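The letters A, B, C, D, E and F name the chains in turn, as written, and every chain counts its residues from 1.
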Amino acid sequence: MFVNGFVCKSPKLVTADDFTAHSLDKPGNTSNPQGSAVTPVFVEQLTGLNTLGVSLARLDFAPYGLIVPHYHPRGTEIMTVLEGELYVGFVTSAPDFKLFTKIVKKGDVFVFPKGLVHFQFNYGAKKAVAISGLGSQDPGVVLVPNAVFGSNPPINDGILAKAFQLDKKIIDYLQSKF
Amino acid sequence: MFVNGFVCKSPKLVTADDFTAHSLDKPGNTSNPQGSAVTPVFVEQLTGLNTLGVSLARLDFAPYGLIVPHYHPRGTEIMTVLEGELYVGFVTSAPDFKLFTKIVKKGDVFVFPKGLVHFQFNYGAKKAVAISGLGSQDPGVVLVPNAVFGSNPPINDGILAKAFQLDKKIIDYLQSKF
Amino acid sequence: MFVNGFVCKSPKLVTADDFTAHSLDKPGNTSNPQGSAVTPVFVEQLTGLNTLGVSLARLDFAPYGLIVPHYHPRGTEIMTVLEGELYVGFVTSAPDFKLFTKIVKKGDVFVFPKGLVHFQFNYGAKKAVAISGLGSQDPGVVLVPNAVFGSNPPINDGILAKAFQLDKKIIDYLQSKF
Amino acid sequence: MFVNGFVCKSPKLVTADDFTAHSLDKPGNTSNPQGSAVTPVFVEQLTGLNTLGVSLARLDFAPYGLIVPHYHPRGTEIMTVLEGELYVGFVTSAPDFKLFTKIVKKGDVFVFPKGLVHFQFNYGAKKAVAISGLGSQDPGVVLVPNAVFGSNPPINDGILAKAFQLDKKIIDYLQSKF
Amino acid sequence: MFVNGFVCKSPKLVTADDFTAHSLDKPGNTSNPQGSAVTPVFVEQLTGLNTLGVSLARLDFAPYGLIVPHYHPRGTEIMTVLEGELYVGFVTSAPDFKLFTKIVKKGDVFVFPKGLVHFQFNYGAKKAVAISGLGSQDPGVVLVPNAVFGSNPPINDGILAKAFQLDKKIIDYLQSKF
Amino acid sequence: MFVNGFVCKSPKLVTADDFTAHSLDKPGNTSNPQGSAVTPVFVEQLTGLNTLGVSLARLDFAPYGLIVPHYHPRGTEIMTVLEGELYVGFVTSAPDFKLFTKIVKKGDVFVFPKGLVHFQFNYGAKKAVAISGLGSQDPGVVLVPNAVFGSNPPINDGILAKAFQLDKKIIDYLQSKF
């Protein structure tokens, strides 16, 4: 039996393990150009979350690590910093595109409203760690640079050149990176 | 009295005009760099839509006009072409970032799922017109280039340089455009 | 796999065609006693709309054509006139049964709130065309005359005679028509 | 402060009386042409129901009393017969307009799905009583004959004549009754 | 096909019986320590309620019968007394834990808000009967004494001793009863 | 202006501080009989969470500290252990009252489904810390012992004696504690 496209176990076979995940104390691998890693506990990782409307993620940042501008189409994110300091922000929708930013330190909490573009940047020379709750078991993630320049297949470069008012060559260069 | 942050008229004072808007037959002004115009009938334009869960928009395209990559955080868009031909597409969320595109002509209908980045491009030398229904009275619009490069105040250029793997100068140039 | 009673394709097999419908530029056949036709693009016609919360319909009217009093149990309708002029209205619920009516012309927009009885009448000698967005992928349609006098099997004529304070013969006559 | 358009008392002033209604044991007055009476306990009668998503109603029937075809736009009705026997039914939406009917006696339960036209008829020579739960604090009631023939102001008789395929005189006669 | 984990019949095979339940006029068996019985008509008993958002229950009370403190995680309960008199109450959530109580007699209606602990007690020497509507087809029932002292397997007695500030022996005694 | 009973600031006056909370790195005060403390960041503490559907809480445990059996009527809780080890569990609803328990250590994640009674116990001699995401900005908390034995005013002791099958004196003793 499927619910929301996920297998739904018979109640008779359910055990406590269906509600358990592990290793959120392990740092994600930040050896990548952005210097960041997200370890999600969403319904895809923990099927027992199905229909329950919440999820969790661990965010790791190398020094100067960045979680690139992105949004969650189906859930607000509420983050607390466990270690280090972050410069975070989100941008409101049209027509204002207002940017709200904040330096958040250990113990601070910041909210990224559902569906808005936001980023988290470790501006310091030490690593940083945060934990986020998200208001959906399947919040979704759209990384803006990847969706725009790294789709599969790529978006026509003429369209992106027009959208971003950039030369096609820069677009091609960008697309080659993602 | 307010409902959802919008004034709610007394039922005794409501008239048919509260459910009426005008001029969706008038082309929007496409004399802009993108060569496109969106004329929304959302709750902001027609307060009577409040709580009713749907809205409408007219899309105009000059030749080679583009509605830049954008998304609606609170509603799916279903569009039908009234005139001309469009090349349209949307990109799925992480990790696949799959691009779905289609040439749509007069009478064709295309669906842009809630929260996903999409664009509409008039690839021909004639103008084009479309009408869209949206599944919210307040679907919201996030134009990706504007949210990323045109926020107010701007996002730190170092962050965007890192996010898009571009030189800061290009970022600065981009930010100067929006 | 089924979601909401509709087959849900594997994401790997989904193509842009699953989000595409055709021929909404073709007039529906209005050669019927009401002189009207509705061409829906609901989830039944376009399965890709499933879970996306919106749909579209084209409305065609011969001169003096009427879409009979009806309601959509699961969605508000927002209509714009593409051609011609219509006299439209809806009736509120008990105890007021207030009628709101409006003449709507090319470019006008009118909203029929979810679940309320409404009609659209082409009072002129020319054909008329409209496009409607509906706030559900499966808004449902209950045509009041058909539900009351044309059900299968028919509602007991004594009950309808009492309800409408009409002679049973008139009820029988009515039921023979639907 | 208002929530959903209803006054919301300060929690400090709330008492048990805000959750209490009375007299549902008193028969409604069935001395009317339909021989029926509905005594609702909806949010309008009991403000404390606001946001709580359920309501109750008592249904009284004189011998041969009828609750005319009607629907609730915002809630399913589940009814149980306390006294007497009823002939009940509902009609599905387009395109089938299938009629489901049942004789229900004391202790029987019947479900009228949200938004579908239904009726309850006391076919016997004794009075009947039923209690219904409804899945909304504000389910709404649209009595079909009243909405169609008894609106205020009346729907144009030409439109109704066309809709019901009846002579205008019969429509005028009908409208004079409601 | 399954919807919400319940079998969903083909519309072609559905009959009026799928919307019908019986015997709610029969008293439940109150020969138990609490002197009470609940006869539910939830989706588990009447599959046709699936997706319809409402249910019904009959409550029977022997003299001095009690429905022990419990809550419904997914629905508000609105109850009307058919026979006898009850002393009822509910407790609000933290931090106030305010108790609202009321004597309700034949014809009185009382509302137990979704998710709050409540009880119904027949304080008189005669039996009592009530009918409740609930705002979900699957409201769920958590009997507090059973959930706490009668779970399967039992909750560790040291934990309960600490929680209730009771001696372990009393906890063990309590657990032996459930 | 109020939304959901909370003041809603004008968008023009909103700042990043409206989305920021502090001090979640500070241990709560566990000098209480239960040896535990919950530090919530719910809409009551951070108004900017209103309508956003998620919240966060920090849980502190002294050695052998317990968060007593409780439930959240409006949200699932997903918890991760930052420090120490916990023995946690939840109980399903009627009729099974099945207990699911688990030892969770640093980095483990456990899910407590919406509306079900659960507890968290620090069975070790060291303190423990956890962070929880909850799927509502206003999940609510019902501490079972307090709701049952510590309400204001107290529930009638005869009712509780009957419910828990305990002597009234024990009930009185219990009520004196809360």
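The definition used in the following text is that contacts are C-beta pairs under 8 Å (C-beta built on N, C-alpha and C of every residue); 3 or more make two chains touch, one makes a residue touch a chain.
Each chain and its UniProt protein: A, B, C, D, E, F = Germin-like protein.
Being a predicted model, the structure only gives us computed values, none of them experimental.
Common neighbours of chain E (Germin-like protein) and chain F (Germin-like protein) (chains touching each): A, D.
A count of C-beta contacts for the chain pairs A-F and A-E puts A-F on top.
Chain centres were defined as the mean of their Cα atoms; on that basis the chain farthest from chain E (Germin-like protein) turns out to be B.
With centres taken as mean Cα positions, chain C (Germin-like protein) sits 27 Å from chain B (Germin-like protein). In this assembly, the C-alpha centroid of chain D (Germin-like protein) lies 42 Å from the C-alpha centroid of chain F (Germin-like protein).
In whole angstrom, the spacing between the mean C-alpha positions of chain B (Germin-like protein) and chain E (Germin-like protein) is 49.
Residues of chain A (Germin-like protein) in contact with at least two other chains: 2, 89, 96, 114. Chain-to-chain contact here is organised irregularly, matching neither a line nor a ring nor a star, and falling short of all pairs touching.
Applying the touch definition to all chain combinations yields A-B, A-C, A-E, A-F, B-C, B-D, B-F, C-D, C-E, D-E, D-F, E-F.
Touching chain B (Germin-like protein) in their complex are the following residues of chain C (Germin-like protein): 11, 14-17, 19-26, 41, 46, 48-49, 52-56, 58, 75-78, 80-82, 89-90, 92, 96, 100-102, 104, 106-114, 131-136.
The residues of chain E (Germin-like protein) lying in touch with chain A (Germin-like protein) in their complex are 2, 4-5. For chain B (Germin-like protein) in complex with chain D (Germin-like protein), the residues that touch the partner chain are 1-3, 8. On the chain E (Germin-like protein) side of its complex with chain F (Germin-like protein), the touching residues are 33-34, 64, 66, 68-69, 71, 73-74, 87, 89, 91, 93-94, 96-99, 114-117, 119, 121, 140-156, 159-160, 162-166, 170, 174, 177.
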